[in-house]
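Each of the two complexes below includes subunit A, the first together with subunit B, the second together with subunit C.
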Partner chain A sequence: MSGSASVTAAQETAAPASAKPERSGARAPWPLLLPAFILFIAVVIVPLAMTILLSFHNWGQYTGIQFVITLKNWQEIWSDPYFYEMFARTFRIAGLATLFAAIFGAPEAYILNRMRTPWKGFFLLVILGPLLISVVARTLGWALLFGGNNGLVNKALMTLGLMDSPLPFMFTETGVIIALAHVMMPFMVLSVWAALQRVDPQIENAALSLGAGQMTIIRRIILPQIMPGVLSGGIIVFALSASAFATPSIIGGRRLKVAATLAYDEFLNTLNWPLGAAVAVLLLIALVLIIVGSNAIIERRYSEVFR
Partner chain B sequence: MSRNGSLALIFHTIFVIFMVAPILVVCLVAFTPEGYLSVPMNGFSLRWFRAIADYPEFINAFWVSLWIGAASSVVALLFAVPAALAIARYQFRGREALSALFLSPLMIPHVVLGIAFLRFFTQTGLSGTFVALLIAHVIVVFPFALRLTLAAATGMDRSVEMAAVSLGAGNWTLFRRITLPLILPGVVSGWALAFIQSFDEVTMTVFLAAPGTETLPVRMFLYIQDNIDPLVTSVSASVIVITMLALILLDRFYGLERVLAGHSDRGR
Partner chain C sequence: MSFLELNRVSKRFGDHVAVEDISLSVAKGEFISLLGPSGCGKTTTLQMIAGFVDPSAGAICLNGRDLGSVKPAKRGLGIVFQSYALFPHMTAAENIAFGLEMRGVPRAEREVRVRDALAMVGLDGYADRYPRRMSGGQQQRVALARALVIKPDVLLLDEPLSNLDAKLREDMQIELRQIQRSIGTTTVLVTHDQTEAMALSDRIVVMSKGRIEQIGTPHETYEKPASAFVSHFLGKTNEFPGEVDRSAPAPRLVAGSCHWPAPAGISGPVTITVRPEKVGFGSESDNGLKARITNRIFQGNHWLFQCETECGPAIVVRQNAGETQPVEGENVRLVWRAEDMGIRPGGGGR
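What follows is the complex of A and B.
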């Protein structure tokens, strides 16, 4: 199977280690691609199309899903301020979590990058490792830390004399933002870290030899060069935060609904699938537009850096 | 020791505490001897770890997670390895579009995937089955399997393959004895990362899981929705420890940085 295709390709060029694909404009090696292609058409494209169609179906308390085409769900989302509020909350939480992650994640990536070898690897593991730990376990940690008025965070803040009375974290947007920022932080650090690897240390040394202070170097040499990393990390964090489910559900509770938890409710509690599908499709469209739009802007603005 | 100033080190310390605190607190509370949520002050106890044994739902969910994770990663690789070889070696029309399609599960929010799969499997009569869960997980982990295999296939030295062909190796022999061993590190890490993704997945799975096909994160999530008690912290602590062990193995075997690089542009 894979042999026949690769052999002919291998015989045609004499550049063995070359990573460049050869045979420009040739026909696609379908025997290799077809299984995955069919799988994706059948189990990704078709279900997504069914979901979009579902959002145009009607639903009644006693009739269930009715297979008619109607704009009812979309009109309901459009006209009911509840949905406007919910989407505004979703994107507000995602935006603030992204800001939080950028403000703390970018400097941390810079500090990490300047560490000596054993420490660098160790702390990279400590900071990026949580990425692979279950979101539920990490969010549970925040629920324990926040835990009502005598949660550990409040106790610590009051012992340090930073506050007089406990702040509510559980079931508030603040709590969701902090927990989400923690869950998404590794993506930001990773993205800025990748950008830092492309920075030529000689430029920093040149600036130093010309008498630039540390702050000047960070502001005028480092920041402009890692900005694409911060921004692309920001897009990832924003997209994942806006569609996050477990964290807003556990920390936000039943009343602080975001798009993902509302869609879940419509599907598994209210059983109004068409409305839930409409909410999900709207979230998908909004995110795709935001991701594609901001990627285009970043790439145009920073095309120099990517070259 | 470090070129960082003291201000940077203070920032770093606070940052590390922020990252580690929630994970540490789960592990601490899991050892409480009390019957309620508390950080153990006088003495640790394993009672809540023993309590897991009396709660078969968690044990079953753990096995479901293990099976789904292992099987979906293998199946994903069966589809991803040929696709990765094709994408790495051929320049053809629609190559970019195909890559985008294969990586699309990274960009589609998992809640949308969950809904789409629920609708799809309900319509096809597979709803609530192990097979449905497996197929859904194959799709979700596919990009991770593809990306690491692709990286290995792209960086591969092709001269060995050419030598084998000139010595008369057939297609299958070539793949089995030359190509596969050369891309094996990528394939194995792809499997490991795919397994972890499947093992951690909750948002999409929560839509599909029925009693009996609940994965561990889903069981934990549903449990937490009802109440938070030391039992769920001991389960979480176990999950954390298992993940840490996998992490250390992965780091030794392949380098965590390279594995995690598979994550870095998932939103793009």
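What follows is the complex of A and C.
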């Protein structure tokens, strides 16, 4: 061990003295990249390629997977309105969850940023703390509060006589959206927080001295500056929400399927792997298009101001 | 008639006293500088005038009106911040127009005034530039135009030139002074740079540890510093221990081997202060301090000499006027006119 280390050190010290120090320096990064590159190919590229390939295979109730190339799965998705509904619901839920995360997350980050030092750190921890707990546990918390007649909140509301029947939360789209927005909130707060760090601390005073009121300052001065943060946070939240599995499967259950739970069911219940793969690949393509597209729009819109 | 008046203003942050019992009156159209090292309370004073910080005690009046209950947005002051605090998502013209917009100035008039303001700071043609695409000096001009376009009662400048390089800073000083003279806005500048304060202001307020050390014209504060702090902060000063001897028939002030007639009203140990550029080199027979040149530094338009005198180290600055100057290691006598000398009761130190 020490022998090889000393050899490396000797080579390094010798390198500048050699005739072509620049060329050996330029080649050095490639071997260093190799381990990560191999890992990336093995765990991302190969499974992805296999999934794409799988989506073109045939499947029969009694034959299982047949290794032929067919467009059957894609035609099925294309022609069956069931899948339209599924994808529409997925993106509706993701879109609304993103909207709520932005509406609550951006002000949260702004307030947090204005807090005094001891409280700032404390509340940042409170907001980021949930990230340390599993998504399943956090979602089950919602189920404990609102799940049917025995959910804590529902029980309390009914005991107090405020409600006759439990609040509909479980197995509803509203429930999934609220739970997703809650689970994704830290990502939005973090993203806006990062944008706020770049805002000149004197800028509000400058606007104030020019006669702007507090609401005008937020609307005209702060919001435009943190908008890139809100939008990039939005992209993260949208992507994670659209591909989320745990939250929709716990709150939405079997009754309210989204793309991710649909793919899961095709794989593990129907055992129609090729169809599940086609759904997963379609979700991936749609997400990549949406993210790349909106990112391009954001970059073009704000390139002049933020570089 | 004072226009802006600070009456016994103090500010405490917890136990820390940032500004203590400051009284100051600024005349209309005057350019005044708050000068002091960092932490002397000058920025806090400015922020109290601006309304970003509330005074713990005392009152600030503008044009006879108490500002205590007036919100910063309603004070009508123009402020240029150290970081400029331009709105990065707005062009130069939009930045300047913002204050007018908040005041409900109609669009047509706004456009005219923005154009005039840009012309005033020499930035015509830059209206549609975003701040990030402008140099530090240009951003500074936009910040100045933005503060001035609302025709403020008072212009507050918070270390506006400290982020510029030396050459640009000198140019901006001259320009800032010209602009201020031509529009006649009462201006309060906060700075730690004594040359900047001297170059720009009608009067300088020297501050230290939250208190005012001296208020006076640049010339007064330099030539007649009220305290040891002021003389050290404004330029360089030589200090020699001396003694006023009243036992002799003719009372005299003695330092080392030389003496002067005693000043009135002081006796015992004193500290003699004299500016380096007021010291000359005399001959053996002159009434001067014995000294040896330890270091001679040529600085273009002047020479800087470091000397070891019989009363401690001293520095001498001589104009490079073509005369032959003493060389390193040479023994000389340091002479100065009695009226160029400051005398402070008490022994050495500040």
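One rule holds in what follows: the second predicted complex is superposed on the first by the 260 of 307 C-alpha atoms of A that agree within 3 Å, B and C clash if a C-alpha of one lies under 4 Å from a C-alpha of the other, contacts with A are read in each partner's own complex, and residues count from 1 in each chain.
One rule holds for everything that comes next: contacts are C-beta pairs under 8 Å (C-beta built on N, C-alpha and C of every residue); 3 or more make two chains touch, one makes a residue touch a chain.
For clarity, every value in this text was computed on a predicted model and none was experimentally measured.
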{"item": "First, second, both or neither for A:A239, with subunit B first and subunit C second", "value": "first"}
{"item": "Contacts of A:L289 with subunit B and subunit C, given as first, second, both or neither", "value": "neither"}
{"item": "Which superposed partner A:A88 touches (first subunit B, second subunit C, both, neither)", "value": "neither"}
{"item": "First, second, both or neither for A:T216, with subunit B first and subunit C second", "value": "second"}
{"item": "If touched residues of subunit A are counted for subunit B and for subunit C, the larger one", "value": "B"}
{"item": "Subunit B versus subunit C as contact partner of A:S249, first or second or both or neither", "value": "first"}
{"item": "Partner chain in contact with A:P224 - subunit B first, subunit C second, else both or neither", "value": "second"}
{"item": "Touched partner set for A:L125, first subunit B, second subunit C, both or neither", "value": "first"}
{"item": "Partner chain in contact with A:A206 - subunit B first, subunit C second, else both or neither", "value": "second"}
{"item": "Touching partner for A:L190 - first (subunit B), second (subunit C), both, neither", "value": "first"}
{"item": "Residues on subunit A lying within both footprints (that of subunit B and that of subunit C)", "value": "none"}
{"item": "Of all residues in subunit A, those that touch subunit C in their complex", "value": "200, 202-203, 205-213, 216, 220-221, 224-225, 304-307"}
{"item": "Residue ranges of subunit B in contact with subunit A within the complex", "value": "1-5, 8-9, 11-12, 15-16, 18-26, 29, 37, 39, 78-83, 85-95, 98, 101-102, 104-105, 107-112, 115-120, 123, 135-136, 138-139, 142, 154-155, 157-159, 161-162, 165, 170-175, 179, 196, 199-200, 202-203, 206-207, 216-217, 220-221, 224-225, 228, 232-233, 236-237, 239-240, 243-244, 246-247, 251, 256-257, 260-261, 263-268"}
{"item": "Interfacial residue positions of subunit C with respect to subunit A in the complex", "value": "50, 52, 72-79, 81-83, 85-89, 98-99, 102-103, 130, 132, 146-147, 150"}
{"item": "Contacting residues of subunit A [partner subunit B, same complex]", "value": "1-7, 9-11, 16-19, 21-29, 31-33, 35-37, 39-40, 43-44, 46-48, 50-51, 54, 104, 107-108, 111-112, 114-116, 119, 123-145, 147, 152, 179, 182, 185-187, 190-191, 194, 214, 232, 235-240, 242-246, 249-250, 259-260, 263-264, 267-268, 273, 276-277, 280-281, 283-284, 287-288, 291, 295"}
